[in-house]
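In the two complexes below, chain A is the common chain; its partner is chain B in one and chain C in the other.
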Partner chain A sequence: MTTKGVRRPLGLAPTAVLLLGALYCLLPVCWVLAASTKTRGELFTTNAFAPGTGLFSNIADLSAYRDGIFWQWMANTALYAGVGALLSTAVSVLAGYALAKFRFFGRNMIFNVLIGGILVPAVVLAVPQYLLLAKAGLANTYWAVLLPSILHPYSIYLARIYASAAIPDALLEAGRIDGAGENRLLRVVAVPLMLPGMVTIFLFQFVAIWNNFLLPFIMLADDERFPLTVGLYTLLATGANQPALYNLVITGALLSIIPLIALFLTMQRYWRTDLSGGSVKS
Partner chain B sequence: MRTKRLRLVMSAVLVGALAAGCSSGGQEETPQETGPVELTFWTWAPNMDKIAAVWNTAHPDIKVTVSKQAGGDEAAAKFLTAAKAGNAPDLVQAEYQMLPSFVAAEAVADIKGEVAGVRDQFSDGIWNLVTLGTDGVYGLPQDSGPMMFYYRTDLFTKYGIAVPKTWDEYAAAARTVHAKDKTVYLGGFSSKDPGWFAGLSQQAGGQWWSITGEAWKVGINDGPTKKVADFWGGLAKDGVIDTQAPWTPEWNAALNGGKIMSWASAVWAPGVLSSNAPDGKGKWAIAPLPQWSAGENYSGFWGGSSIAIAEGSKHKQAAAQFASWLNTDAKALDLLIKEAAIYPAAKSGQALMTTAPEYFANQADFWQQATNIAGTARGFTFGPNVNVAYSAYKDAFDKALQNKSSFTDALGAMHDATVADMKKSGFTLAS
Partner chain C sequence: MTKANRGARADRTGATPYLYLAPAVVLFTLFIAAPIGYTAYLSLRRVQFSGLGLGKKSRTEIFVGLDNYRTAVADGEFWAGWLRVLGYATLVLALMLGLALVFALLLDSARVRLARFSRIAIFLPYAVPGVVATLLWGFLYLPSLSPIHATLRAFGFDDVDLLSPSTVMFSMVNVAIWGGTGFNMLVLYTQLRAIPRDYYEAARIDGAGELAIALRVKVPILAPAIVLTTVFSIIATIQVFTEPMTLRPISNAVSSTWSPLMKVYRDAFVTGDLYSAAATSLVIAAMSVVPSLLFMRLVRRQAFGEER
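For the complex of A and B:
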């Protein structure tokens, strides 16, 4: 309310940079939108951004491909991303809260190891994880993709930062004086305060697992368990002597981002600062 | 004897690539079978599950489960990783150029004894691709990609050129066409398709790898291959052939719009043409590749794959039985052609192809011609690190195209990179 009437002049350079950035991000999406409406014949022969006439026949073809295995892949991806992101958020919040609010032996060491973990790209770990899970007899199962997704150092780091900023020590102390146990404090005080952070972590992980390619590619042998990324890749890389099924892949790519967009639009409202943010006067 | 020594030498490869601590599969004595044998089969051929279903109905004692995989280099890496972890499928589709790396990693079995009965179903050129020039047999050929010359009949008439019988005639025609219309090219050179270049080198008589005793010999820059590189280098330097990257929308548009009049490609090209250049339907025809000297009649292979059996498989006998059925039985070959849309490697399978592809409706004898050409195709032994050689090809020739520098040097760079990698991996090289 205080900024009313003090409108800053429109910064020309920043706006231009942002517009360019938006264009850079949105152009490929527009292309996928336009290309998925084209039939095989139209795909490479008509203007790149001109809509075609085959969206529904593409979707029908895709649904008919190998008795609708595309939808099986979609369900698999939803399972991997949904369950994986939920478990990962739970682990991250517990770990981050503990690291932020409790002093115990080895706390800094654990945190430093986690920071180190952030620096190791998940791609590097995929093959060792496969060999480990193969030994445990879990390769080529749903667990093979779910288990490695659960522990995510960056999410724990994020949860710790968020917990130390969003949960005032005074509030926890007040709770303890009032006789609340640690479990109750976590449930009633910590988790509600961390909700916006949890949503962020959940979305990050959901998107990361949804788009993950290498891990499921290595872990899964049975195409009934493939997620969308690996499944669509089998349509694209069909061997040297088969034409790639471009129009099906592009349509599949479009259908596969719709749930992500829907998720973002619905989860956005959790990102507002909550009322309890001002519960302590400091 | 020779293969045994070869294996010893080659066992060093790929160990470094994978972390330690992996069990290497149960390949102990075959246990007593109880109940039906279950086989898993990794392939990227479409509709293979339907073909396997036909087998399963006829053979209740051997049940094959197909798992459709992606093709290409990544598929090979995935199989090698799975083999290291002891999780390999019983049967795996292997591109011919990838088979040696599987053999070197001891991931696939020598099935010489199991498949001796079907040897005469395949031509010598194709059989050599699964024996690697040794006494062993490391897979059964499934499909093959003999190379041939695809051209636009209407445009050849329009520009007044004849189908080139030799590469010299091809070069002359390329200059003629480009002089008449600067936007049109007779054909193209692809720095993105090492398999294409390998096929043309096979035609010229190149021998990129060979095994003598226990040592590998690398001949990527041998005389015949140099001849091929120089030939395309000269045309590219003069700008009379198209050098843009193929398989891009621009290339598709050029092919579709008649800006590229011919394509030295393989037997699987009709599928590509019909989807990427739909407007050319009925205007293309095939002929044998131009030859290096008049009167010769050779071709090479671009693409194609075999079915190999994993060393870790507990049911090698049953797997070999299925692989033999799949690639030589008349009913299976018919299904491969109709359902999986492949060009079978077996001679009897090639004879089954009678109706010309719809796209080539104007050329009724398409398959007869193709079969004749397939008989003239000669392959060469691929080495254990084809992926390294192939990526070196892309790097070196991309650079040569960009800087308009010598193709001979690019070939030399490819050769050196391949040799250096083999040394690093612990192979013995013949000097």
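For the complex of A and C:
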């Protein structure tokens, strides 16, 4: 450290800047961790970051609230995000693979039109999506949140980048000469090679659906089908004037981020965010 | 993109690519194209009441041309919302992307300690939904609970209201920066790691310091990625909805039309005027067209230029 330290013109400043950033990002998480352990009285009287004594009673109160609807929201969110992200990954990989590895009439046009979907503001879609699904009798059902979440133009864009970088044309050609059908090539050659990219697409979509608020907020009326985001929002809107509900909201916020943070920490090395490609190793 | 080549012959693959694209195209038609078309149709119509406006027969939909657009564009509240969002977006973009770039460059410089910890910590807010992030900060803005206020009081600043009409926008900017910096940092950092290390060796031999390398070598190479993250961030910030909506219950300073998107929501679902909501949302879409076109060009030129 001493020899290196001499050559370091800015000393520890870069490390300090990064640690400040880390502290800023961790602060609210630390606060909610402490606040959710506090009883109603402790919340307003003790130091913000000091632990309290009420974690289990808070969780019990939250579980008791409206017959445990919080856990229903949790299960709903897992369903929307899990099933939605799986289907989305499948659709995106099929489309991205086709766009990257085949030459066919209309290829560029189809890509441009699909990718143009990224640019349409969510609200332009959400309101008429609601009206159309309502006409189909699907508003306020699980389908109303699940179906519009499947198509994700950005994932198709990523899948195309991954496919063109990870699958050598020669390998497909060799397979074709050996007489393999296209579906077999997809299963045996393309999917295994695209697997790391598929994990990334799945994770992005999982987080995006887990975090989505506008779509379920518009689609759903019945709180039995709410995801966590909409559920916590309604809890906050109800509780804003009743500090008695603060504990529920805070504990709910903590419990709702634990699964995602756990997923995030375990899958951390799979996040590949190369937006413009080129750095995906084949 | 040049002509056909090995491994990609239309004659041999036939219908396969169309089959693989079918699910995406069908979903696109149902959930993107049809809603846009329906919005356009609605935006040109309005309900007319006849008689007392009671009963089903008294409500008829009529074609009104561009009337709804005229009303939308003439609405002062709509432009006030745009102005707020423009201020919000400018601050968020400058601060969030600036911080993301600084953090990414620092992480990439070999001499930093605890880099892994910092990277994970700064990316962590990405895992927190916008509603929950706003809720957490919202509580941190409440004087009765907040360690921020306690700290401010200790320094002699009493009566700071972080949720007043003059401050609530900055409080929202803070939530956006908190939630978005890590993601953008990771995008830029991933790109930085892909730059061959010998570029820096050459610069070092020429006598460049770490700072000069960062500014003169790394930033120019990052430029396309910076532009892409900027465009994505513009699209996201223009559509801000979740954060102001979540702050509303705890701050009187956030009106139901704080952002243009909130106005569309109110028109469509609270006031029940779908027709003007449709027109307004198409105006918003049109106003996002500039970053959109920019994006399309970028995507085509740089991502797929090298695809064989």
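The rule is short, and it goes like this: the second predicted complex is superposed on the first by the 236 of 282 C-alpha atoms of A that agree within 3 Å, B and C clash if a C-alpha of one lies under 4 Å from a C-alpha of the other, contacts with A are read in each partner's own complex, and residues count from 1 in each chain.
Just so we're on the same page, a residue touches a chain if its C-beta (ideal position, glycine included) is under 8 Å from a C-beta of that chain, and two chains touch if they have at least 3 such contacts.
All figures in this text were calculated on a predicted structure; none of them were measured in a lab.
A.B. asks: Look at A:176 in the shared chain and tell me whether it touches chain B only, chain C only, both, or neither; answer first, second, both or neither.
C.D. replies: A:176: touches chain C, not chain B.
A.B. asks: Touching A:101, do we find chain B (first), chain C (second), both, or neither?
C.D. replies: second
A.B. asks: Have a look at where A:166 lands relative to chain B and chain C in the superposition and call it first, second, both or neither.
C.D. replies: Neither partner.
A.B. asks: Where does A:222 make contact in the superposed view: on chain B (first), on chain C (second), on both, or on neither?
C.D. replies: In the superposed model, A:222 contacts chain B only, not chain C.
A.B. asks: Is the number of chain A residues in contact higher for chain B or for chain C?
C.D. replies: The larger set of chain A residues in touch belongs to C.
A.B. asks: Where does A:236 make contact in the superposed view: on chain B (first), on chain C (second), on both, or on neither?
C.D. replies: The answer is both, since A:236 touches chain B and chain C.
A.B. asks: Output check: A:189 vs chain B and chain C. Expected answer is one of first, second, both, neither. What do you get?
C.D. replies: Neither: A:189 stays clear of chain B and chain C.
A.B. asks: By the touch definition at the top of the document, which applies to A:248: first (chain B), second (chain C), both, or neither?
C.D. replies: In the superposed model, A:248 contacts neither chain B nor chain C.
A.B. asks: Scan A:28 for contacts with chain B and chain C and give back first, second, both or neither.
C.D. replies: The answer is second: A:28 touches chain C but not chain B.
A.B. asks: Which partner does A:124 contact after superposing on A: first (chain B), second (chain C), both, neither?
C.D. replies: Touch status of A:124: second partner only.
A.B. asks: Intersection of chain A residues contacting chain B with those contacting chain C?
C.D. replies: Shared contact residues on chain A (touching chain B in one complex, chain C in the other): 44, 48, 127-128, 131-132, 217-218, 230, 233, 236-237, 239-240, 243, 246.
A.B. asks: Residue numbers of chain B touching chain A in their complex, please.
C.D. replies: My answer: residues 18-19, 21-23, 40, 42, 44-46, 49, 67-72, 74-75, 78, 81-82, 84-87, 89, 93, 95, 143, 145, 195, 249, 252-253, 256, 266-268, 271-272, 274-276, 278-279, 302-305, 341-343.
A.B. asks: Could you pull out which chain A residues touch chain C in their complex?
C.D. replies: Touch residues, chain A against chain C: 4, 8-10, 12, 14-15, 17-19, 21-26, 28-29, 31-32, 35, 43-44, 47-49, 90-92, 94-95, 97-105, 107-108, 110, 112-125, 127-129, 131-132, 147-148, 150-151, 156-157, 160-161, 164, 169-170, 172-173, 176, 182, 186, 207, 210-211, 213-214, 217-218, 228-230, 232-233, 236-237, 239-240, 243, 246, 249-250, 253, 256-257, 260-261, 263-265, 268, 271-279.
A.B. asks: Taking the touch rule as given, give the residues of chain A at its contact with chain B in the complex, in rising order.
C.D. replies: Residues 40-41, 44-45, 48, 66, 127-128, 130-132, 134-135, 139-140, 217-218, 221-223, 230, 233-234, 236-243, 246 of chain A touch chain B in their complex.
A.B. asks: Can you tell me which positions in chain C touch chain A when the two form their complex?
C.D. replies: Counting only chain C, the residues touching chain A are 1, 4-10, 12-13, 16-18, 20-21, 23-25, 27-28, 30-32, 34-36, 38-39, 42, 99, 102-103, 106-107, 109, 111-115, 117-118, 120-133, 135-140, 144-147, 150, 178, 181-183, 186-187, 190-191, 193-194, 209-211, 224-225, 228-229, 235, 238-239, 241-242, 245-246, 248-250, 261, 264-265, 268-269, 274, 277-278, 281-282, 284-285, 288-289, 291-292, 295-296, 299-300, 302-304, 306-308.
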